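The structure that follows is given in the form of structure tokens.
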């Protein structure tokens, strides 16, 4: 007799029993041991059909191809730059993937990107050892100048962006800031000092409360208050 | 938060900071809790904004040094634990920890905050030795000022342990109600110069954008007992004068916070 | 005289009062504070992050590295000189092995998860408190784990099998054995087992059985600490 042992959207800890019986299937971050399904992380349980999956409340970013991230130049090599991605894995950007213009052989690469510079880049390849190749050649990808960069847990990025970008658009409108969200949890905010502070607070609020009900209303209320 | 150093420098020129504080404002909250460790003779936990440090006082009875046969001793040690900052490495104290410990130490020692002669038990034979250990728990900037405050709070609330009258052995499990002979309240305040502008209590990001800094240790009367300049950029005498004024003002502010906390 | 009444009046299976909180160190990826009686451990987790020194990296999965440190003022007697003592090194190692059994770092080759534990005050049961704190911190950091690990010392004092010995019991003037145990919650498998003292096999098995209910009490607290952090009524709206 199969039985669900947890409620939808309840917080579960690693090893917590989610369901009993063979009718249920373990989805993301869940696993089966004999006739029970358990959680593998601290997160929110959700059931769709027979699949139980856990949305982590926190956790490391796993680099994926096509992800847009914000990273910092930590080294300049003969062929390009090495980036710190705020994960365990550094990423390489080759000169030919950095710009559409022709770069001469003797050109000083630090004129394009210097050590310590931040940039919005895209992951084009991830090896089995999690080594990452980047590109900066597409529209929307560039070196970051000005503003501030904040870091949130990468698991919260979907909530900060919102369904079809609704949440991030709301924050941009109400604060007048340009905001770029990296999938690795780094977020670039550029606007007035007050606008940036408000946007930072709003994003931190989402990070702290995203697992609770009524997030959109909370955010509208927070952003509706005068700066 | 991560920022380009230029942003902090630009804001400073307009007398602005990333979190909208004034240049002379300390972060909130400022929390001071004492007697947080039952194994220490005195202890404190200090939080300034998100920076958290703990300090503990341990006393022991040793033979005095030859050239100061009628004095006890005091030493300050600091551990910048890797638990507090992902850039700190495990292992023996690095330059930052050593500098922090020595500056806090000098502030207390040179102010003669503790009358070392009063720590003497039997000249040439036995005296009390005081060691203050500071451990960082979360580094969000300005560890030195937080450490100095924690050390002072721990020293102020420390009590001598019971000593067996016959054997002379210390019973660390029992405390007397006798406090340390602390006559001054030395506190270090570090003033930072960013893009020509002076500010106090920098966050971790603001610390990275500094050109020069001056730590000023002072007592309640305004007498300076320690100075330490850091950073690659030079300071004018006029700047130093302004930095000292600012440091004395903020030291007085923190002393008031400490008094408030000890009364509660 | 057989030890029937415990020095501090507890029942033989009663643990000292405990307190646990998740998320206490802002800079860390995950953290926790765990107190049992007067023993207090603060754990902070950083990672998965790049391995330094590089030669320690494992290309198949991430590695776990524990760093156990007693603050210089946390010993029950004299000051503890800072620096890695042999005891701290051994405890760090058994902690690693105890937690490695539940942690799954297969998705993070060539990386390390560093666990730092600092203790501001101690009164026996320190490695157990360190493991219990570290486990909460790992979960708080979102590290994949198949189960939680809960740890407490059991033992035997002058013929009586007890749970959670304090310092006075460890140094009781009679035959004593102090047995730190860590247990996986679901399977009740033991991932840490050490012993100081003397004990018969019969009493040892009795003590390990007692560890089941003792570690369960720790587990309840660990779960509470994690869930409390995300509780609905934990809002400051």
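A, B and C label the chains in the order they appear, each numbered from 1.
To be clear about the criterion, contacts are C-beta pairs under 8 Å (C-beta built on N, C-alpha and C of every residue); 3 or more make two chains touch, one makes a residue touch a chain.
On a predicted model such as this, the values are computed, not experimentally measured, just so you know.
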* Asked: Of all the other chains, whose mean CA position lies farthest from chain B?
  -> A
* Pair exhibiting more inter-chain C-beta contacts, A-B or A-C -> A-C
* Using mean C-alpha positions as chain centres, tell me how far chain A is from chain C in Å, no decimals. => 32
* Asked: Between chain A and chain B, what is the separation of their C-alpha centroids in Å?
  -> 38
* Asked: When you check chain C against every other chain, which residues touch at least two of them?
  -> 49
* chain C to chain B touching residues, read off their complex -> 25-28, 31, 38, 40, 42-44, 46, 49, 52, 67, 69, 71-79, 82-83, 114, 116-118, 120-123
* Structure fact -> Interface with chain B, chain A side, in the complex: residues 72, 118, 144-151, 186, 193-194, 197, 200
* Could you pull out which chain C residues touch chain A in their complex? => 29-30, 47-51, 59, 62, 102, 104, 107-112, 139-148, 184-186, 222-223, 226-227, 230, 232, 235, 237
* List of chain A residues in touch with chain C within their complex -> 11, 13-17, 29, 31, 33, 38, 40-43, 56-60, 62, 87-90, 128-130, 153, 155, 209, 211-213, 218
* Asked: Can you name the residues of chain B that touch chain A in the complex?
  -> 1-4, 6-7, 11, 16, 18-20
